[in-house]
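Below: a set of structures, written as structure tokens.
The same chain A turns up in both complexes below, where it pairs with chain B and then with chain C.
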Partner chain A sequence: MRILHSGTAGTLESSDVMITVERNPEKGLIIELESISEARFGNRIREVITDTLKKLQVQDVKVRVQDRSALDCTIRARLTAAVFRAAGIEKYPWEELE
Partner chain B sequence: MKLRRTMLYVPGNSAAMVKDAHIYRPDTVMFDLEDSVSYREKDAARFLVYQTLRTLDYEGVETAVRINGLDTPYGRDDIEAMVRARPNIIRIPKTEKAQDVTDVETEIERVERKIGLPIGTIKLFAAIETPLGVLNAREIACSSNRLLGIALGAEDLVTSLRTSRSKDGIELHYARSQVLYAARIAGINAIDTVYSNVQDEEGFIAEVRLIKQLGFDGKSVIQPNQIKLVHRVYTPTEEEIHKALRVLAAIREAESKGSGVIALDGRMVDKPIVERARWTIELAKASGVVPEEVKL
Partner chain C sequence: MELREIVLSLPTDRRMAETFLQSQGLRLEEDVEYTVVAVEGDRVVGTGSLSGKVLKCIAVEPALQGQGIASQILSELVHEAFRRGRDHLFLFTRPENETVFTPMGFSVVERMEKDLVLLENRANGFVQYLVALRNHREEVGVSGSVVVNCNPFTLGHRYLLEYAASRVHTLHVFVVEEDRSVFPTEVRFKLVQEGTQDINNIKLHRGGPYIISSATFPSYFLKEPSEGTRLYGRFDATIFGKRICPVLNITRRFVGEEPYCPVTSIYNQCLYDILPKYGVQVEIIPRLEKGGKAVSASTVRKLLSEGRWRETKDLVPPTTFEFLQSEEARPILDRLKKAPNSRH
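After this line comes the complex of A and B, so read on.
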């Protein structure tokens, strides 16, 4: 999937996460993580982000993650929404998302 | 018997509520993708409910999702996502005719077929929120085998009627009766509308008593603290349970003696009394105040 511009989804409320996705002109994946639980869950959050981007076939992006103790499923949901917004896609390939 | 005394609305884009709503133990938790979600957040709410439903265990609490109507740009994607997320129920908003239910059912069936889910897995609820919907309540209630119930939505309705909600609910008398009769004809649940003044506990309890007396199975609620209040009103009293058990014991005794006529305390016990006694005990069992082993 091609990232065209910056896309954000989520909130800064408790149990949520705000994720912004934009193109990385330098190539590769950059994750900027800000989380109160970074010491305990930082690796796990990065893993969920990397895995979700792989499934969405997204490369060369910068992902800013402002975590407020979100569950894995919430991180996946917010990242997916941010990616589709950044790609300007409103027709969702549900079969591929399963 | 599956109770639906309370269907708790949860805004579909609230991560905390979507994750935790079941801990308040409503009979049904209902994730809303419609009115509580702004147009700009429809996609995010859909992904959130989709991912959460696919991941979390709601510990026996029934799950429902209120989708956007098929006449909006969001309805079809809501169905595509939600059938895959597999809530127990999809709730259709602003249902006005039987065809509205059939159209949603056709879409659900298409997705069920595509993903190999047995046809009919996802059940339906239809919300009736307009004058036309009220007048067509019977045809709506009888429109699909998937329908578990119909629910009155009063806020839009009273606006269409050019009135507003009052404390005694006189303006909803006709709509409530119509929805209730339609549900009973179809053999499905009738669920009352929300009570939006969350500060007014006394008024809320009075309304719950009213709709229970009318015959409704339960109420849509918007605040977790309304759940206990509804369940309390719907739980049979000790006296009602005692009376019902005596009726059922008298019936069993009469049957064992081969007697056709049953009397209790000098009064005839006829079929409607027995049916009401059975219903009271069913409700008491489901409310956890009478053990499951008690015979009906």
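After this line comes the complex of A and C, so read on.
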């Protein structure tokens, strides 16, 4: 998927996460993570993000994550929504997403 | 609990936010653009506002704190900012409230004593800015600095920069990067660039969000000095002296004497009080005078709004004058004619 502009999804409320996706002018993936559970779950959160992006076939992006202890499924859903918005796609292919 | 947008132009609506803020010892600042209130039944229990890239005037009724009202307000403000195309956001708070916002992904830019903390919504925003700035560091000789708005670039600015450049080995010039002036940032930057091309030891930078921006110094963009002017002025000076100067090896800051604008003159005083603490000398340079009056950008704007071209020509360098007569300048001149007394 091609990222056209920045896209965001989620909230700053407890158990949720706010994710912003934008193009990385250089190559590769940059994850900027702010999380109250960084010490315990930081690596897991990064893993979920890297995984989800791979499934969506997104490369060279910068992902900003403001996490308030969201569950993995929430992180996946918010990231997917942010990516679709950033790609300018308004119809979500629900069946293809797990 | 639900969130409601306040129609700021509607006095009865506006009063809802004002009354609540007053009860919390705060007030609804003049420059807010978007305000929401949290309502429980018909009672206001919280509020928050957006002004440019700054979230401000945020409060939640003390008895209801810790229930997630603040995070709902903040989420809504961040979304609105995003809809308006702004995603690098800031907020000021008192140090005792810092921990309300840090769990929501806001991190500290700088603290000033026990008065004020500036937070931003990204993890290492300021550090990344400083790392990029470091590439322009000059080790040889004395490095100095000037921060200018140049709305537009006049002979007065030219004189200040020329003088400052003659006093140091390298002069870092920061152009305020905030589109609240009649002349847009890109134009102001271009005119400074063209007008100083022959001065070889100048390094020109965009000020970015950490030097006299609506984030570091919101009161700068208000016409009249307010109670916040001194506080925010001191804050901006602290960020500059403590964080930016060491990165660029800056030990001098030059400012133009300010005979007209009370806000700038308070700001100069703040620099004078604070920068020496960080090993930076402040030198105030008298204004260039023409015909017994100091050359200032506000005079130039006034002349332009009245279409007095000949007098304008005496106060600006040829590069600026050429721009003013170009097609590109026409919409700017039209705006000036409509609002001749605009700030900065």
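Rule of thumb we're sticking to: the second predicted complex is superposed on the first by the 97 of 98 C-alpha atoms of A that agree within 3 Å, B and C clash if a C-alpha of one lies under 4 Å from a C-alpha of the other, contacts with A are read in each partner's own complex, and residues count from 1 in each chain.
Note that a residue touches a chain if its C-beta (ideal position, glycine included) is under 8 Å from a C-beta of that chain, and two chains touch if they have at least 3 such contacts.
From a predicted model like this one, the values you see are computed outputs, not experimental measurements.
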Fit or clash between chain C and chain B when superposed on chain A: fit
Which of chain B and chain C A:76 touches, first, second, both or neither: first
Chain C, chain A and chain B - angle at the middle CA centre, rounded to the nearest 10 degrees: 110
Partner chain(s) touched by A:13 [first = chain B, second = chain C, both, neither]: both
First, second, both or neither for A:41, with chain B first and chain C second: neither
Superposition-derived comparison: chain B or chain C, residues of chain A touched: B
Touching partner for A:94 - first (chain B), second (chain C), both, neither: first
Chain B versus chain C as contact partner of A:84, first or second or both or neither: first
Lowest C-alpha to C-alpha distance for chain C against chain B (Å): 9
Chain B and chain C footprints on chain A, overlapping residues: 11, 13-14
In the complex with chain A, residue positions of chain B that touch it: 14-16, 19-20, 43-44, 47-48, 50-52, 54-56, 77, 80-81, 84, 114-115
Chain B-facing residues of chain A, complex: 9-11, 13-17, 70-74, 76-78, 80-81, 84-85, 90, 92, 94-95, 98
Residue numbers on chain C that touch chain A, as the complex places them: 68, 71-72, 74-75, 78-79, 82, 87, 103-107, 121-124
Chain A residues touching chain C - in the complex, by the definition given at the top: 6, 8, 11-14, 18, 20, 22, 32-36, 64-68
